[in-house]
């Protein structure tokens, strides 16, 4: 297989996959090196520069999406909105879970200063967070962490993209 | 009861306090606690006048603020047994909580912005035809060699060639009996293979012997060593520590 | 809107639509002439010539699909990847099939002395063996033999190249 052929296969795989494909998943299907796959993806991305599509990296995986500037047109298609924006309570709770995971409900409530049951339930229902198990100790409270869907929802590749400024003041 | 509805405008007491601090344009590390407490309580009264229920957390914070305020007003005549910790600025803990909360509130804002950006990208609208879900073997042959296949086939044929008995008399083999027998077989032996312990290779014998061996492992009398998958199992008696008492 | 911009919008709409979009549907969203949309689609199709994707017309509507020649790769998507070694039972069964083929399940079981359904199924899934047809006679049982993959893997051109050491004694 030539590099040009490999590039086409990578492109087809990313397009056809139902969920974002990671470089290592593509590498294992094609029996190639993951680093090579990554450089092929960069090639593909640049060949789409003039088009309506681009390759986005979310949660470590690649997926084809339309470019942001086309949003007003695509909204005219009447595609149902996949997820309504979160409430302020839910986003705050999610922010805490993303930084402090694995974290318990009580720990979240200490930071927010208010009860957070309904925010946690709503995040669980939207599958933006998941249970990671239980904490050792009295009551064995449930520990929460963010899910894969968290990354897709916010277009993030990894938690390292979250802002770090100010953390040192209290951590 | 009556502390039911969360306030619409503020996420909680921290949120309200941060807003009051921002409105007063004061430093977070030097909060004019009297002023802020007054404004905080005023806000709660105004809610009550509108018949809005106030959640317990807001009342708890009111109590905290009043306590801090009164401690600041107390003249500085520490009792002898008071440690240095108690002389700390009573506002410190609250300020730390506020700073931490403020950080996460900013992250929440960051996430909101990211969502607004991410939601402008649309994924492929149509699902492709259903995909094949049979497993994909990355190494279907494992480490099997052609020679190994040939040898295996020879062994299988050799087994077949063994004369089939005309009659088979099976006696019930009990686990305690086999356990005793295995112990006897191992006396004075540094090691033995599992197949050494078998006599007629019947399925029942293999099973009972295996159970006996496992029991001996459990009792700590022997250890088992297998160097490769499906390879020979070595049975090694362990040195029994005998306690000698005069 | 320039023609180039219109082309990009058409492309994004076709990609993002949940069902194939017709030229007239696109035309009404974009307030353009349907004939112009058709010619834009032809433009887009030709710009995808070197890529993994193409635009297909189904039931009067356009949709993006991967090119037919990529099918063997795309089929690998979503399949669980297994790297476990062969079990002893499967290896024995493979040895018997290699030396005795064409062979039925009952014949394999007579040699091994145990049921061999799962071993045979596992070898079929791994594509190490294949069905060769059916044996004449009662029940017309399936005959098994080794696959092309078997020959390629061991670099064999015919079964006569299988090692014979020791086997002649029994045959």
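We call the chains A, B and C, going by the order they appear; numbering starts again at 1 in every chain.
Here is the rule we go by: a residue touches a chain if its C-beta (ideal position, glycine included) is under 8 Å from a C-beta of that chain, and two chains touch if they have at least 3 such contacts.
Owing to the predicted nature of the structure, the values given are computational and were not obtained by experimental measurement.
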item	value
Identity of the chain that, by mean CA position, is farthest from chain B	C
Core chain by centroid distance, with centroids computed from Cα atoms only	A
Inter-chain centre distance, chain A versus chain C - centres from mean C-alpha coordinates, in Å	30
Chain B-chain C separation of Cα centroids, rounded to whole Å	38
Length of the line joining the C-alpha centres of chain A and chain B, rounded to whole Å	22
Junction residues of chain B - those touching two or more other chains	122-125, 128, 131, 136, 138
Shared-contact residues (touching 2 or more other chains) in chain C	12, 15-18, 64, 66, 74, 76-78, 81
In the complex, chain C residues that touch chain B	12, 15-20, 63-66, 74-86, 88, 91-92, 94-96, 98-99, 111-113, 125-128, 149, 153-154, 156, 162-167, 170-171
Residues of chain B defined as touching chain C within the complex	122-126, 128, 131-144, 146-154, 156-161, 229-230
Footprint of chain A on chain C - complex, ascending	8-13, 15-18, 21, 29-30, 47, 50-53, 64, 66-67, 70, 73-74, 76-78, 81
In the complex, chain B residues that touch chain A	6, 11-15, 55, 57, 61, 96-97, 99-108, 110-112, 114-115, 117-125, 127-128, 131, 136, 138
